Every structure is written in C-alpha cells, then in structure tokens.
Amino acid sequence: MTEVQGVSVHLQACAKTFPDGTRALEAVSLDVARGETMVFLGPSGCGKTTTLRIIAGLERPDAGGRVLFDGEDVTHLPIERRKVGMVFQSYALFPNMSVAENIGYSLKIRGIDRAERAARVAELMALTGIGGLENRSIDQLSGGQRQRVALARAVAMRPRVLLLDEPLTALDASLRERLRAELNRLLRSLGITAVYVTHDQAEAMALGDRIVVMRSGAIAQIGTPREIYFEPANRFVAEFVGAANILEAEAGEGFLALRGGRLPIGGSAKAVKGNVVAMVRPEAVTFVAPEGALLTGRVETVSFIGDRLRCTVVGVSERPLSIDAPNTISVSPGDQVGLSIDPDAVRLFPKESA
Amino acid sequence: MSGATFLRLSLVPLAVIVLAFFVLPMSQLIIAGANGPLGLKAYAAILLEPRYRETLVNTVLLSLAVTLATLVISTIAGLFVQRNRFPGRAVLIAMLTFPLAFPGVVVGFMIILLAGRQGLIGEVTQNLAGGKVVFAYSIGGLFLGYLYFSIPRVILTVMAAVEKLDPRLEEAARSLGAGPWAVQRDVILPALTPAFIASSAISFATAMGAFGTAFTLATNIDVLAMLIYTEFTLGANIAMAAALSVGLGVVAWAILALARSFAGAAVAAAG
Amino acid sequence: MSGATFLRLSLVPLAVIVLAFFVLPMSQLIIAGANGPLGLKAYAAILLEPRYRETLVNTVLLSLAVTLATLVISTIAGLFVQRNRFPGRAVLIAMLTFPLAFPGVVVGFMIILLAGRQGLIGEVTQNLAGGKVVFAYSIGGLFLGYLYFSIPRVILTVMAAVEKLDPRLEEAARSLGAGPWAVQRDVILPALTPAFIASSAISFATAMGAFGTAFTLATNIDVLAMLIYTEFTLGANIAMAAALSVGLGVVAWAILALARSFAGAAVAAAG
Amino acid sequence: MTEVQGVSVHLQACAKTFPDGTRALEAVSLDVARGETMVFLGPSGCGKTTTLRIIAGLERPDAGGRVLFDGEDVTHLPIERRKVGMVFQSYALFPNMSVAENIGYSLKIRGIDRAERAARVAELMALTGIGGLENRSIDQLSGGQRQRVALARAVAMRPRVLLLDEPLTALDASLRERLRAELNRLLRSLGITAVYVTHDQAEAMALGDRIVVMRSGAIAQIGTPREIYFEPANRFVAEFVGAANILEAEAGEGFLALRGGRLPIGGSAKAVKGNVVAMVRPEAVTFVAPEGALLTGRVETVSFIGDRLRCTVVGVSERPLSIDAPNTISVSPGDQVGLSIDPDAVRLFPKESA
C-alpha cells in the first residue's frame, strides 16, 4: 500500500451558479497539500458538498474557475478520468454485485486481470477489517460494514484524491465514533490526500489536519482544529464549532464590564476599548468561592451528564452562562457562586462580526 | 372487542367469497375440460392435436416477441422521459399513457385505420411505391396492437423504477472509472431488473390472453383466446374450450408466479 | 460521450415511436369519427342518440357498481389476509390472484359454466326450488365477470398498502383511547385512501372497456365496447364506431388522470 | 396544566415469551414513583421496549406477571382503557389529520366538545412551542416539530403515565440535545409519571430521576444517574454507561499492582485482596510529572476534540488507558507521563462479574 500517493489540490476562484440561478458557491480559492486531510465543515447549504463535487468533477465551476491536481489543470476532465475515489453518505454500493465485486470494480473497469484483482481486493479487505465477507451480497451487511466496503472500493485503484461526503452521518453514534478512529488511522497510513465533508464538528476536529469552515457559499475560516476552536475568526465559527458563550459588553483597561462583575482579558485584547463581542468556552469557566471573586452569579440549572456537569449560571451576563464543570464538584441550582475565567480564554470579536 | 377479533370476524365473508366466487367456477372449468367425449385426454390434446399445439406455440411466440419489443422501447423511452426535463414533457407522458384507457376492440379498430385495407399506411405506400402495404389482419397487426397495450404500462413501471434509482450509484461508478456505457451496463440496467421482470410478466400474460384486438382484426392468425372462443361458440366443443382455458390460465399464472418469486412486490404493484 | 449525450441520442427513436405509434392512429381515429355522413355531429350523437346514450349510461353505471363492490370485498379480504398468519395463507393468496391470468373470454366462459343455462347455479336451484336461476346472460353475469377481473388486482394493491402501514399509527390511536372501530375509521381506512383511489380508477377503466367477457356471454345488455364492435363490423358504421371509441377513451383516461392527480404514483404502479 | 397527576407504576414479576418461543424478558419487578421519570437504558434487544409495551398494554406479560397503576391491577386492561400517553420514535402522527386534529384526537374520542377541545389544544401547542402550526399538515413539519406534536398529543388527555419510546432517536444530534432540554423542562413542569426508553446514555443521564439499565431481558442495575455512573454494579453497566477503563490486576494493602506502577484504592475497597477487576473513568485520570508519580506510561495518541483532549497511554496496564484531559494542557504522542488517579474514583468488581 506504500505506493499510494496523493496529489496536491488547488482550487482557483471556483464559483458555482446552478442553471436555476441559485448561487451555491462564491469564488473559492484554496490549497490542499499532498497527503493532507482537509475537512469542509458547515451547516447544510453552506456549499461544502458543491466544493467537493467540483473537485470530483461532478460539477463544473463557473467560467473562470480552475481545478488543478499537482499543477495539472483537470477542470474539463470528467470524473471518470480524474482518478479520484469517492465515498458517499448513502454508501452507493452496487446492489447487484458481491462485496468483492464492488471493491474490485475500478480494477475490472481498467482491465486488470482476475488474479491481480483478487489479490488487491483481499489486501484491501484485510486493511479495512472486512476479511471473510467477499461473497456476501450488499444487503447482508450492517451499516458499518457497508461503509468499510465503500471505503475499500474508493481506494482500490489508488486514487489521486479521496473524497468523502459525510461518510459517517448515516451510522449511529457509538459506531460513528469507532469508525472515525479507524478512518483516521487508515488515512494516515495510506498517506493519501483526502477531502472530507461533514456537518459534525467533532468529526472535523478528530479527522482534519486542517478545517475549512464554510457559510453561505463562502469560506468563513481555514485553520488547524486548534486554531478554529481557540481562535475562531468570527462569531459564526465560534458558535458552530463547539459550544460558546457570547458576551456583548463594554471593554476597557484590560477588563470586560459584565453585569456580574469584571472579566479580565489578556494578550493583545487588553488594548481594546468600547463595545465588543467576546466569546468564552463553557469548559474555560471554573467555579470558585463567591467571596472575593471577580465575577459572581447564581446557578440556575445543573445537569449531570456523566463525565461532567452542564450548568447554567444567571446574573453574569444578559444571557445565562453555560459552564461545563468536572463531575466531582458539588453544586446545586440556587447556589451563589464565584466564577474564574483565564484571561487568555476570552476571545474578542469586532462588534459587527455576525 | 380487540382488533384481532374484528379481523377474525371478516373470516366468514372471506371464506364465502373465496368458495363461491373463486373456487366454484374454477373447478367447474377444470371439470368441464375433463367431461367431454375425450375425457382427461382433452388436456393432452392441447399439446398432441397439431392445430391446438400450433396455436399455443404461435400465441407464446407472439407474446414473447411483444414482451421483448415492449421492454426495449419502454426502457429507452422511460429512461429518457424520467431523466430529462423538456417542454411538452407532461403532454408526452399523458400521450404515452393514453392507450391504457383503450379497450382491445378500440385498439384493433385503430390498427385497421392505420394498416388496414383503407388504412393510412396502405394509402401512403400506394402513392409512393405503387404497392399497397396492408398488415392489419396478419400477425404484424396483432403484434402492433399488443404493443399498444403493453408499452404504456411498462413505461410507467420503468419510469417509477428510474425515479427510485439513487443517482449516487451512477456517480460512484463514474468515480471508479466507468464511462457512460459501462454505467448503463453495470449500474442502471441491473437496478431496473426487478422492474423488467415484473413488467415482462404482466406484458406476457396480457398478450397471451388478449381477445378484443384479435377479434376485431378478424385476423387470419389463430391465437389461444380466439381458439377458445371458436371452440366454444362455433364448434360448441365446451370440453376442449374449457381445457384450453385451463391451459392458458396455468401458463399465464405460472409466468406471473415465477416473476413474483424473482421480483417480489414489484409484480404485485405492477399487476 | 457524457451521460446527457447518451440520453439525448435516445430522443430520435422516441420521437419516431411517439409519432408513428401513438399520434398517428389516435388522430386517425379522431378524424374517422368526424368523417362519416354525420360529420362532427357523430360525437354529439353519443349523447343525443338515445341508443348510444343509454349504452354509455349503462356502461358507466355497471362500471361504478363493479368498482364499488370490488373495493368493499377487496378491502376486507386484503386487510384480513395481510394481517393474519394462518395455514393455507399462501394458497389463498395464489387463488385470489389466479384470475389475473385469465383473459375475458375465459372469464365469460366461467360465468356461463356457473350461471348459464346448463350452469351449476341453475342445476342447484332447480333441484332445490324447482326454478332454474340463470343470470349469466343478463347484467348480473356481466357484473360477476367484471368482479373477477377487478378483485385480484385491487386485493394486491390493498395488500401492498396495508403492508406499508406503520403499526405504530394504530398503537398511537389506541393509546389515545380509540377502540377497534375508531382505529379502522380514523387510521386504517384513511391511510388506504390513495390505494383505494388508484385501484378504483383502474377497476373502473377496465370495466368500461371490457369486451371479451361481454362478447362471450353474448349478453342482452349493450355495453360500450360491444356497441363499438357492432357498429364497426355489422353496421359498417366506421365513423360512429370511431366517435364512440374516442368517447370511451376520453372518459376512461379522464378517470385515470383524475385519480393520478389525487393519488400520485400509486396509480402508475397499480396501472 | 397543574391538575395533571401521575400514578405510581408497579411491575410484578413481568416476564414475556413471544409466541415463537423467544424469551424477551425475564421476570422483572420494579416500581416507578408518582411523578418520577424512569429511564430504561440498554442496547437493542435488552428488553427495554418490551417492558414499556407491557406497561402500555400493548403486550400482555406471561402468566403470573401483573401491572398495577396506583395499586389498581391493569394487567388485563387493553391500552385504549389504560389512559396512558405514548410517544414513538417514528412520531406516528396521523397523516390525514392537521396538527390541531392530531393533538385533539384523544379529546374528540372522549366526546369533549369542540370549544373545550380547541382551548386545550391551544394551551398544549403553546406549552410545546408549536403555536401557529394548528392547520399545517403533518408532512409540512420538520422532525423537531413532529416530535413536539406527538408529545402534545400524548399528554392532551392528561394520561396517568407518559410512555416515551426512543422519542429523540430519529433527530439529528444538535436538535436532539435541544429537545432533550425542552422535554426535561416539560416533564418536570407537568409533574407526570414518565417511562422513557433509550439506548443513548447521555439522554438517560439528562432525563432520568432514576435509570434502569437492562441487559438480555433482565435488569442490570437500578439507580440515580450518579449511582449508575460512579458506582456501576458490574462491568457491563460500567462500560455501557460512559467510557470506562477496565483494569484486571492484583489488589493488596490498599493498592492495585499495575504494570506501570501502583494505583491507590480507597474506602471499603482497601480491604480487598487478590485478583480484581477495577474500573476508572477517563476523566478521573490526570497527567502529572513522571518524577515521583505512582503510575507512569507513554502517550500513544492524542486527539483534539475541542473541549478536551482524548489521549491513550500505554505501559500502565494490559490495554492502553483512555484519558480525557483538559484542552489547555500540552501533551504529545511519545511523551513519558506520570498519572494520578483519585483513590475514590477506582471502583472494584468481583472478578467473575461479566
């Protein structure tokens, strides 16, 4: 499998307007490095799938847009000649073929002889952990097995880019998490260039070398999972990726003035003055004794969800503050509490950022 | 009263209906077939008597030919109409399905108007080539008439099946390197197979038993339904007519049952 | 060549087929109707001439009655068979659907064996009551024969619809306090409505155009298909036969189109 | 709505054998208190839905089993006379009725007059947040709206028990979480007795006053969410509810002897000796400096999932140890680390406990 090699992908001003006039994608430019896993994340209708389909060759970008694989212009190449692998949410396995026939289909189309095909199929089935299912028909497989077959089929001909369109969305939560880990291992071990579309931020975090957050047909932010999570470019990214408390407040002298007290802000944000929008993650807030605390409030709800407590505290800002606390502390609705927030955990946005 | 009791009460009318309505006449028919001068040999005569055998073979061959032609035409038309949006599409679909509403007599009548002695094709060929082409009363007319019956029904079935096709299947095949022909061969046609089996069976069974068209055309080709009618009314050979009826029913029913075991519910729906 | 091109190429045969096959004979038929001594008045005569009008009304009424009876019987039978597992169920289903395979001639024949001059019912009633009950050649025989055609088809449609019913719907209704009758009225029958509309339309259209049965029974009741045949072959009144054919086609097609607009794809599937 | 009153539910030796001989449920006895929300949690096929259906009256328990509502024997009462409300995963809304007709159905069946019905329906729609949708048909509603209608319909006639069969499973993750919170509020404010079936442990934790964990047709444990999470009765419960590290080790002198060092154990477990099976939750393990640490190991994988890091550490026990760490610490694969585990966070099971 070591000979699998990805290409770099370059999108240059790719916009997409559908025949009915819908503008699905503003002119988007971006690079995916060789061997990188790039995740497109966003709500439905944000253009992430359209971008994927443009890379695949299932959609042509509007005039002016170009798609390059390792510098080669493939904009006008139909999908069947782009040598890309695709995995769909619905699996899209051929129901009239066995598992082995599905996986070997791209090899058969390319005229590779039976013996070589069988060897390659066996290798792929071992790799994806479905050995022994060769002669099963598709409708005898579980959802997880189907997705593994779809993956093996997509990488069988050593594609230049592997394109995955919400491949895990149809599976249930625990299976999704297990397959996510497997998929991660597989993508790393293949060293393949992968473009992955999802609306699930946990999936994006776990799989992406970098994440492209999209919104209304445009890119909202590109960055590593940590950059996206800790330094969201705007309020939309902050709220879409992870949970976020959004505080609208007056800034000055290194503090945010909130209803429940003063929240110190750090780093470059210290210099900011006037009306700002700030963001604090629920797990960045810790309970302290109310005496002497800079911020105080009253606990409204406490929900035990196993590995932590999900609490809301009122009286701190306009809206109740969400706090994720360790499951070992003891706190009840009605308690007066002090809150401590690391100044570095407060991120400021300009007020107009939507 | 529970739901189960409610349904159990329906058992009584059901039993009465089945007995009186289905079992009685059918067994009458089977008995009548064996009650003639030939006795049970009447059933054997279907295959042994050359005239009967020939008719049976003719009917089966004609039905097969109609089924095959219908499948080819309907698949192309159904795929095209379902996959493309163009002006007049709704009118086209309405037109394609119009013959569903016509009884066999009217279809026969239309064939005569088209290819009969005073028909359109005859006139055109006489003017163009000097020779009058008339095929309404031959096997060609029957074939055309039966197509009229089958095509609308099969087109509707194919269209319904095409609509249910997951477009991702096609895209997956293309991403794996399959060109348009390979996609048709490996993805689309196999996915339509249950619809093909179901509608072939219906088309075949209908063609086997079609009477109105054949009768109106007063065709010189004997088909089974005509033969049964002739034996019964003209020859007054009730036993032979009954035996032939049973034979025809068994063949058609076997085809339907066979198709149902392959294609499951699709046949019921298309039936 | 892309998939789109491939499909576009099928436009040519499609256009040829539609024109030659559908449009030509149909327009021929319409023209023929207006080409007789009466001209366009032939169409008006369908309603104005008492004999034609009466036949039309008879046919429509008979078709309506058949449709109604079929619906009631098939709903009870379909619900029962689909909801209960009992020994002999598969045989019962096979038997209920057997008549699908019979042509009209055979059905007519069976009615004669059952209710004709030498029929079973006649014999039984003569022995029991002294009077011979014979209704094969009356409207009763036609009615019974048409039921034969419709019931299997409608039962299959109802069974398919019942199978698709979410059993949770029934359970929800019961949890809300609905007894078995209320469940039938508020949940099951409404859920089956599309199937009812679809199969009524098919049943009605088939009954409107049935010829083989009527002809075999040599019935004393004129139905539209018979009238067309008589006008055409015996009366040689081609124009009137054509006008009546067009009228019959339009009525049946309108019913189907109406049903399709209510029940959508179900009609296509059942058609 | 204050006059809604729940009953207590008592199941007495309710077993269920289906006509085909399948034993779906062993003889189960339990009590649901008036106004309590009891959640049945377990994998598919564990008997939780069968139990719910026995309470509903959709299944009869085998001979000997009895169902009592406030002491009244309802075992032989069909569902339509038990006065229970049901909410299904598939919503089971009547497609031939409008939203208002669906909600008012049970009132109509009971012959309540039009004006009173309309008032009650309006009240319920306001309560479940679907006001204004009265005349919509069901297929015009989103999944979340459908579930709200189903809920309003189920509580319209003030049922004695509200039965919910995986009501949120068909919804997507973010909507599920929002509806869970709403449902929680609604159940509390109605004060209704509720029986809730789910396979999702987060849902069970968030909603249940108590949780019944089921396995293979029998009860594995009954307890509050905290009891189930912190003191699972056996290994099955520990692994099914939340993530768990299972350690098989030698106990003695208040320590567990592990490959990577010694793990102190506290409380009554101190006296245990010999082979034991221990359980430690991933969030109960914290990274410390390797020097002087009682337990040491090497970090194998680190996965950033936003609000925390999911790490695995090898060399501590037979299997890699899963650790959930705060997202603020810095740790990389290959690091030698020390681990600290609160002795009270270690739970011991007898070895034979499966």
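Every chain is named by a letter (A, B, C and D) in the order it is written, and numbering of its residues begins at 1.
Note that in this section a residue touches a chain if its C-beta (ideal position, glycine included) is under 8 Å from a C-beta of that chain, and two chains touch if they have at least 3 such contacts.
What you see is a predicted model; the values in this text were computed from it and never measured.
Engineer: Which chains, if any, touch chain A and chain C both?
Structural biologist: Of all the chains present, those in contact with both chain A and chain C are B, D.
Engineer: Go ahead and note the Å separation of the Cα centroids belonging to chain B and chain C.
Structural biologist: Once rounded, the distance between the two centres reads 16 Å.
Engineer: Which whole number of Å gives the spacing of the CA centres of chain C and chain D?
Structural biologist: 54
Engineer: Could you list which residues of chain D touch at least two other chains?
Structural biologist: 78
Engineer: Give me the residues of chain C that touch two or more other chains.
Structural biologist: Residues 2, 179 of chain C each touch two or more of the other chains.
Engineer: How are the chains arranged in terms of who touches whom: line, ring, star, complete or other?
Structural biologist: Contact map by chain: ring.
Engineer: Name the touching chain pairs, please: which are they?
Structural biologist: Here the touching pairs of chains are A-B, A-D, B-C, C-D.
Engineer: Would you pull the chain B residues touching chain A in the complex into a rising list?
Structural biologist: Of all residues in chain B, those touching chain A are 166, 168-169, 171-179, 182, 186-187, 190-191, 193.
Engineer: Spell out the residues on chain C that touch chain B in their complex, using ranges where they run on.
Structural biologist: Checking each residue of chain C against chain B gives 1-3, 5-8, 10-11, 13-14, 17-18, 21-26, 28-29, 32, 73, 76-77, 79-81, 83-84, 92, 94-106, 109-111, 113-114, 119-120, 144, 147-148, 151-153, 156-157, 159-160, 163, 170, 179-181, 183-184, 205, 208-212, 215-216, 218, 225, 228-229, 232-233, 241-242, 245, 248-253, 255-257, 265, 268-271.
Engineer: In their complex, what parts of chain A are in touch with chain B?
Structural biologist: 56, 58, 78-86, 88, 90, 92-97, 105-106, 109-110, 150, 153-154, 156-157, 163
Engineer: Spell out the residues on chain D that touch chain A in their complex, using ranges where they run on.
Structural biologist: Of all residues in chain D, those touching chain A are 173, 181, 184, 200-202, 205-206, 225-226, 229, 241-243, 281-283, 303-308, 324, 326-328, 342, 345.
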